[in-house]
Amino acid sequence: MFLKNAWYVAAWSKDVGRDLLGRILLNEYVVLYRKEDGTPVALENRCPHRNLPLSEGRLIGDEIECGYHGMVYDCAGACTHLPGSAEPPDWATVRTFPVVERHGWVFYWPGDPALADEATIPDYPKHNLDEDWIRAQGQTYVKAGYRLVLDNLLDLSHLTYVHGSTTGNRAVAEAANLSVDQEGDNVRVTRWMEDIEPALAFREYAGYTNNIDRWQMSQFLPPAYININNGSVDAGIGADTDTRNNDQGKWGFVVYHAMTPETDTTTHQFWTVAGHKDKVPDHMRDLFVEQMHGVLKEDLDIYEAQQRAIDMDPAAPNRDANPRGTIPADEGLLAMRRTLRRLYGDEQKAEGVAAE
Amino acid sequence: MFLKNAWYVAAWSKDVGRDLLGRILLNEYVVLYRKEDGTPVALENRCPHRNLPLSEGRLIGDEIECGYHGMVYDCAGACTHLPGSAEPPDWATVRTFPVVERHGWVFYWPGDPALADEATIPDYPKHNLDEDWIRAQGQTYVKAGYRLVLDNLLDLSHLTYVHGSTTGNRAVAEAANLSVDQEGDNVRVTRWMEDIEPALAFREYAGYTNNIDRWQMSQFLPPAYININNGSVDAGIGADTDTRNNDQGKWGFVVYHAMTPETDTTTHQFWTVAGHKDKVPDHMRDLFVEQMHGVLKEDLDIYEAQQRAIDMDPAAPNRDANPRGTIPADEGLLAMRRTLRRLYGDEQKAEGVAAE
Amino acid sequence: MFLKNAWYVAAWSKDVGRDLLGRILLNEYVVLYRKEDGTPVALENRCPHRNLPLSEGRLIGDEIECGYHGMVYDCAGACTHLPGSAEPPDWATVRTFPVVERHGWVFYWPGDPALADEATIPDYPKHNLDEDWIRAQGQTYVKAGYRLVLDNLLDLSHLTYVHGSTTGNRAVAEAANLSVDQEGDNVRVTRWMEDIEPALAFREYAGYTNNIDRWQMSQFLPPAYININNGSVDAGIGADTDTRNNDQGKWGFVVYHAMTPETDTTTHQFWTVAGHKDKVPDHMRDLFVEQMHGVLKEDLDIYEAQQRAIDMDPAAPNRDANPRGTIPADEGLLAMRRTLRRLYGDEQKAEGVAAE
């Protein structure tokens, strides 16, 4: 179940250039490259003549020459040259995808191009480019469906059990007040912890020796974006809603994730974890980056173990969507899943297709 | 086709401890561990909350804490703690399996716990723990269905062709008198060879220089146990039925196998080959152990080659059960397969399900 | 879709000997060996008793002894010995395949033996054994269906894009006159290029410094043979039809390919590229052999990338047979595919089976 009429991250900007990049996105083969003026392009990665991926060919100026029989396609997907012929055949076209580059990422739109509106690209990954922030960044290939990754990021009680050596401790799971707000398709899960012991990373980076007030705000935007704000202050100072949503207080960090399904059970996870340079002193930068890569690996092990367990269970497709039961901490992820199902139903209805 | 209401070996005792052991058994994911008092436990290896295998979590006393969101399960499969809540949810339960430890093995019962009767655990693996016996032991992961392994052990004419460098020679296949007895669900195949040349291992260990009388008794007990008694005496001395079933005469050895299906086409094979210390002199112990591991590997190559050939044949499911024809040496394995089909039919009938 | 009543190459002669060779051919498991008098034999590679591949057994004279329970089969597929029995069972037979050895290859006939006519074995691989020719030879395991390989060899405009460092240059794709002739089941595609720049290999081996007239003749014979004649002369000299079909002029080479499907999407490609010794001077022999192995590898990358792209496309089975559109250069391969479909339909009709 993938939303088609939505922007997805196709690649990190740095990975799209004058070498052809073939990548499977939403079960389709896509080729990415840059025109000579630097504009990124995304085309169907398949020559309609005999199915060779165009990424096996080469760029000639802004056009791709197929690596098999030399048919040439322009950025609009039209064939401009058939070797040995005066005229290219009119059936020889490849699909093009709307592409926008922003915040260090190349976004693409797999659905109806007429509906592609740049204004709906989430704006929050601004920290990707801001010099005042220290960043750990990456692209994780996940052998699990994209909703398992979204689930993870919308229930941060898992920090206690999955990330106990850095950002989690017992209080994170036990002592949080949870609130979930939905505005339109946007789901916001806030966890507020008063007068709790600081987790290890908070002591290391901020020098806390006493209890703290701590907050975690996970925001979901369809199809598959998550923005997390983590903050803390000395116990008793507290934080109002605006602070919880946007500031890190005395110590914290922000997290951005964009999940792009490769197939039903594999996902490209693009991510940034950023700490303001005031909160990550020079001598701790390498440690910060290394720790955050470690945190991502800990999560990866979880998603993939879930997917293996689900694959082993004949009834799993339903259990994944409708687990045997839910707990209060699921409220955010259930809102996310409801939102995705509703939007998917709308898309299917718009296409005149019965919902799956 | 697996019998469910039966005891299977889940693990060697030595492999079940205070580290969580996740293992696929009969197409289900099971987690094994020991309580602080040493009692082994087997639970469904899946948190009902979000499908993480419980083996990814950790033990707290006798209970498992899920490694994702910290839900805790006791040995009865009940949730005893939900982080951040006063009460665990009542839907949060995992299946438990009856477990019995005996003879160095941990047995589990995948079916209806009400039917689990310890008295039906086969008693013959007593040599696993007896100090008077020299043992080669192992656990072989077999990429073949468990019945292919049972077939092998119920037609020992294969020793001639598969184990010619140790326990088999031409006479074993050519000169045996076969008898098959069935008592209830127990199938006993006896091969009796009079005045034959001793195979290599018999000459090496027993010092035979002249012909021998030799016997092989393979006993099958459902769902998947095989006990083999191998014996020999100088030619002309002979052996009565009780001797053939229980004694090794001048030289021989005993074999115990417990097959536990992992999936339809993969099997955990737990095994012991034991020789009495009077029959395996000290300076030949290492050789004995090494040779018996070699014998098991020779058999493994056979099962897996069969399975590959069966997988390649669209009509194989039937051909496996009903080969193009049978030979007299198949009598024992055909009795075993009839027994399994009958018991499976009984189980299906008892569950009100049409036999597969 | 495989033609069954046809000769296929089963192996290079050098690979068939007194060691049993198991090989999957047309989705069937076949065992190949030589009798003591050197005659090659092909049998079904499966003991009808318990499915062990016969290639796991051993040769006794001209017969195979199964490696499991010692049943012996002769070259006619009859069981000649069952250990412990006076009479082999009459049901114990394995299929035999007609086999002919010619030109360094062992051919086999997977269909009705009554129809196997040696006269239909293509005669053109004579250069495999001729001392006047320098040969690069090989057997390439292709993870793609056999028709993708045939397609490649029937549209040589691909030399420009796939083999630009040796035999192809721009003129090969752009300046050729194409003609396709069909005689019965034989398709002949001739590409004739007048007054073109010589590709790199033509300059290296023949010393051309000026333009050339060049020809490529690809001949298809069912089920899956391709014979290619490549030749050239100084521009203006030209070449008549007989020369284009059979001679290499001042410089050129011949190519023979025999494709044998392993499965629907994997292929054994047997091949020879040969240059007359007058055209490949002694000091360039190693280079010639190395370059031609390189050319085959370049093609392999293409077939396998096509197959991956086809596998990714749910509608691919149809698109492979009916691509979105065709170009003039496809004329030869379309004739080949039509021929195969017609012959396959005839076979199905003869068997009273509706065409697939």
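Just so it is clear, A, B and C label the chains in written order, and each chain counts residues from 1 on its own.
By our rule, contacts are C-beta pairs under 8 Å (C-beta built on N, C-alpha and C of every residue); 3 or more make two chains touch, one makes a residue touch a chain.
Only a predicted model underlies this, so the values are computations on that prediction, with no experimental measurement involved.
Asker: Along the graph of touching chains, what's the shortest path length in steps from chain A to chain C?
Answerer: The fewest steps needed to get from chain A to chain C is 1.
Asker: Have a look at where chain A meets chain B and say same if over half of the interface residue numbers show up on both copies, different if under half do.
Answerer: different
Asker: Between chain A and chain B, what is the separation of their C-alpha centroids in Å?
Answerer: Chain A and chain B have C-alpha centres separated by 47 Å.
Asker: Give me the residues of chain A that touch two or more other chains.
Answerer: none
Asker: Sort out for me which residues of chain A touch chain C in the complex.
Answerer: 24, 27-29, 45-46, 48-53, 56-57, 65-71, 82-85, 89, 91-92
Asker: Mind listing the chain C positions that touch chain A in their complex?
Answerer: Contact set of chain C toward chain A: 151, 155, 157-158, 160-162, 173-176, 178, 301-302, 305-306, 308-310, 312-313, 316, 319-320, 323-330.
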